[in-house]
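Here come two complexes built around subunit A, the first alongside subunit B, the second alongside subunit C.
Let's look at the complex of A and B:
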């Protein structure tokens, strides 16, 4: 090529440095990917024996072989619905406001800085905020609603930032074209800004959701349950209930007016079916701010005395007195009895009256819940040798699959929608 | 102010002012000052826009010609910290376009704009043109279709794209996109169209088609065009305003400006000695 030997040597050296850099980059990329691959491989190795259809459809159990994530899986989906319904409209509208409407002054500058700050707040702080504001002050309870709102606030900054980035990517020329046609600000936002920002906004929302799906700390703080053996009531589903008049027992005024969280575990409500005493049903009662559900297994051979022990084993108290001193509870079974530790006996069918009705459209938001990462954490923290490790790994597979699926759909949506939007 | 004052009544060649001789006027700019924050971008500009003629605004970069053009449809209202002073009277009704009581959206419905870089919406060809009529509440498909066809024909684009109206506008070539933008600007049936360097991003063939189009359109609409291209101003315009440092240096018929400029500055710019 007519280069002098020195030029040639220098060129060779530069090319070697170039290749070294490429090799270093590739090695680092492979390293990162292989860490991820090893993690997934470990999850599959430990969890594939448990992962399957029955794992998804079984409630948790003390027997690891039959324990599943049904309630946690459904809980995760429901919490995500509330999270999305909170974070997406609020975040997208806030992003649109900040980009298209807000004048640039010190006030919006303060808002902008604080949105960035919010994104950096540790999630446990959000949990504390939710505990104080939602659970204690607004009385939303340890419910799907509380969890959804908490996670919604947690990911709100992500949605806002993604929306703003997407809007900022729209060339000013497009806005000018719209205004020059005589469009109002709202028409410009409605027909141009929102549609063209949609790929970025959708991607941001999905990223935000996949962040929320794995969050555990704030949900532990608000008191998510680790053991849930029921599903929240579907909208408009049948709602059987019986009204038990507790005339056979006398309760002191103190007992009747004490919030349930503060009561000793003194009462439980059970049901019978085909002559057997069966506690393996949904037992539910709502206190003023407390809703507890238990699931007592192995109850077929319980004697009245045994029942009393079972009542002791029950964590929490399971009834609510209404203003007339009635005890209300719900079940899908027909016959009810009330037991009390004090009387160590069963008071059967005390003035019970059958009611009915349907759940409201949104009753499920007030239901107790657990989510997959919390279920997973519960299993991980069980002592070694009980066989729950495989369940934890299987729950991990589920969680990773959900996250990857969401990210994949984000990438797909972005590519698909971006195809029609070029500048 | 319902009658166009004959331009000859106005003082000729006062510093920073000018008028188009003869013929009815579409707009009159009077002592216009414009500020971006503290920076004064236009200084005491007075000129006229003749009806159904093409008025070219020329001058070196940063002279304020685009700023002046964007006063006509209140584009500056989109950015904070702007201030208009003076008057732009739209004739025949005499409304002050930059008056505080005038709705900029109403102004833009009467005066439309074509931009430097073709900026069609990333939507179908049909939707690009139909946007203006839709904004005004036309929803019937056949009415929209008729309007789209009228505008595309007027923009000399109908034959090329009548079979692909649902296709994305970005599938068109640059010149076609700019003609689509012209069709879009026609859809609001404007009285005046502002062209802001409409051919600076186009090749020579596409440029000459746009120029032909402007000459065809001027029989039905008044045109003001900002251009960097002196030949273009000479080819298409009837009147030319030469701006320098925010002031109107000279305004006269295009013939006069190019053949016999009144100022040395104008002559130097036109002959390419600076700018």
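Let's look at the complex of A and C:
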């Protein structure tokens, strides 16, 4: 086979192009993976000094050195529980219906097209839906429940698709064998389809949860708090909450109807103890929580003016009202008052009642919350020089660890599955 | 391996062992009515679960349209479409959506300029060149990249990529602002690469081997086969991957909210800072505008705009796909 020199040259050129392309493809893949590595390295570089046990167990604070993700971490876990409780049953049931029951008609076609399209809806749109439908219409508030439902519906298509794929992989012969033994359709699904599909479904659920755990935008949209210095009440725990109605005070309408706004710092809730005003405030507040003790020489001198001064001294302690016009706060101190620059000063009692008793099993779903990605967003968007970037990076380490661990376990599960199942 | 097989067998035997009892329970089930009724009820329940996804869609559309209509009762549609600036929190407010649309389009364009070439090349490499072992390692690793929460990408864009770009731009005498669309777009592009690479690779791998073998038998190099045979044959699936990439870029929120800036500005210069539709929604809903204000309601009109933009790209993609669809 003789080739002319020109043919040789052309052939050589094509082979070089081939080689160059291999190098380019491999280089770009390595580039993408190195971005992943750089990202993790950047987080570790900036955040490892802050990351540690105390970071996980501390509440957020205005002092970056001691600010932690305790409330955010607990919030993430609680929101994930609600998300899983929404997405997994609904998604698995929908997947079973579409694979095992649905007839081929327009209704099924609509559902299928719809699920495919839902997966492409931007996540922030889900947040708007939740804000309009859940928060404003169904009045679920800016709660763990709202967040969990929102994320549950958001990842629903992922669970449905995973369930369908897992069921589709089961050979028809299994169904026929079951029917041949006289099983009904439900028995076939219950004893054969669901158990065999389980590992695949589980993998899909883990992927869905890992997607939900990092989701930030829809939760900002429904009005998740960026600053939470309390934990939702555990089931059946004692109820230390005090409910104070604000009817005794005259607030301007603007203040009352501004649920997303932090109230001006002239509001504070405090408790008295002999000789001092102790602002022991752990509120659904948007500002830094502080336990600030303002010493007053003699409690008799607690005039409204003196208190207003004291309030000015406690800049940043903010109170908020929930939608019913209640102030919610928690303290081991008994006597409470609420002071405000706008009003006459002390209003004792406030029609407050000790809640007493115990929390219900599910009271925590109605609690306000924050989650790790929102805490990270809050820290990363603070002005440079406050020292919160390290906290953001540390929160990032936590987030990346959680999502990577979940994905790695899903990949492991998938590979094991592929090896162990032979139909 | 044997243990794995054992576990598998016992797992398989289990439902079988449950078979006879269920057959036993089949006795009562012969009595018509009761058991059949239960089957029907379960089927109905399952159907409701499947139908819930349709309800969700209706919910999304209804909320967007209802709240947008409430917004347009207070702001003019004409201003919304043609107004020069977007400043809902100002007095008087300005509602010209094009300032947000420009930011969205610029960051999306920058992201796609990274994601489409890189994603396509990586997918061709993975499907046509890489050995199975390499592919089975690299593909899941790339998918891990897309599993990273976007707020972390935002952190990376603002505190790693932007300073690096500022240093680079300073060498050619351009001062890059701390917030800019370029950095956000580039990072977003890298985030989208795995989606495009993974889906395109699936599409190319499902091209029948006979087509490849035919090309190779004619003396084509692998590169020629990939570019002239496999790529066109998989174009329908690859278009779907691009459309998904565009949808993700349009709707991406946290990266642009953190790194691209918070000031709406009508500009097509990626080195400037500007606000996207998504970043605006985040800013307002996390901010302190009263719920009853027109400014607050504008997030729904902005959301509707975003939804329509995404829809337009998806419909366009659907038509393109139908045109390129090849069946074997």
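We adopt the following convention: the second predicted complex is superposed on the first by the 282 of 423 C-alpha atoms of A that agree within 3 Å, B and C clash if a C-alpha of one lies under 4 Å from a C-alpha of the other, contacts with A are read in each partner's own complex, and residues count from 1 in each chain.
Assume contacts are C-beta pairs under 8 Å (C-beta built on N, C-alpha and C of every residue); 3 or more make two chains touch, one makes a residue touch a chain.
Just so you know, these numbers come straight off a predicted model, no measurement behind them.
Student: I'd like to know which partner A:103 touches here: subunit B for first, subunit C for second, both or neither.
Tutor: Only subunit B is touched by A:103; subunit C is not.
Student: Once the structures are superposed on A, label A:203 by its partner contacts, choosing first (subunit B), second (subunit C), both or neither.
Tutor: Neither: A:203 stays clear of subunit B and subunit C.
Student: Thinking of the overlay built on chain A, is A:184 touched by subunit B (first), by subunit C (second), by both, or by neither?
Tutor: After superposing on A, A:184 lies in contact with both subunit B and subunit C.
Student: Please work out whether A:175 is in contact with subunit B alone, subunit C alone, both, or neither, and reply first, second, both or neither.
Tutor: first
Student: Check the residue A:192 against both partner chains and state whether it touches subunit B (first), subunit C (second), both, or neither.
Tutor: both
Student: Based on the superposed arrangement, let me know which partner A:140 touches: subunit B (first), subunit C (second), both, or neither?
Tutor: neither
Student: With both complexes overlaid on chain A, does A:123 touch subunit B (first), subunit C (second), both or neither?
Tutor: second
Student: Kindly classify A:213 by the partners it touches after superposition: subunit B alone (first), subunit C alone (second), both, or neither?
Tutor: It touches subunit C, and subunit B stays clear.
Student: Between subunit B and subunit C, which makes contact with more of the residues in subunit A?
Tutor: With both complexes superposed on chain A, more residues of subunit A are touched by C.
Student: Does any part of subunit A touch subunit B in one structure and subunit C in the other, and if so which residues?
Tutor: On subunit A, the residues that contact subunit B in one structure and subunit C in the other are 178, 181-184, 187, 191-192, 420-422.
Student: What residues on subunit C touch subunit A, complex-wise?
Tutor: Going by the criterion above, the answer is residues 4-5, 7-8, 11, 14-15, 18-19, 22-23, 26, 29, 35, 38-39, 42-43, 45-47, 49-54, 56-57, 59-60, 63-64, 66-67, 118, 121-122, 124-126, 129-130, 138, 140-145, 147-156, 158-160, 190, 193-194, 221-224, 226, 244, 247, 250-254, 257-258, 278, 281-282, 285-292, 299-300, 303, 306-307, 310, 314.
Student: Contact residues on subunit B for subunit A in the complex?
Tutor: 73, 75, 78, 80, 105, 108-109, 112-113, 115, 117, 119-122, 131-132, 135-136, 168, 170, 181, 184-185, 187-188
Student: Along subunit A, where are the residues that touch subunit C in the complex?
Tutor: Interface residues on the subunit A side: 14-15, 17-18, 21-22, 24-26, 28-29, 31-33, 35-36, 38-39, 42-43, 46, 89-91, 93-94, 96-98, 101-102, 110-111, 114-115, 117-118, 120-129, 131-133, 136, 153, 156-157, 160, 178, 181-187, 191-192, 195, 210-211, 213-217, 220-223, 226, 254, 257-262, 373, 376-377, 380-381, 389, 392-393, 396, 399-400, 403-404, 406-408, 411, 419-422.
Student: Once bound in the complex, which stretches of subunit A touch subunit B?
Tutor: Per the touch definition, subunit A meets subunit B at residues 103-104, 171, 173-184, 187, 191-192, 196, 420-423.
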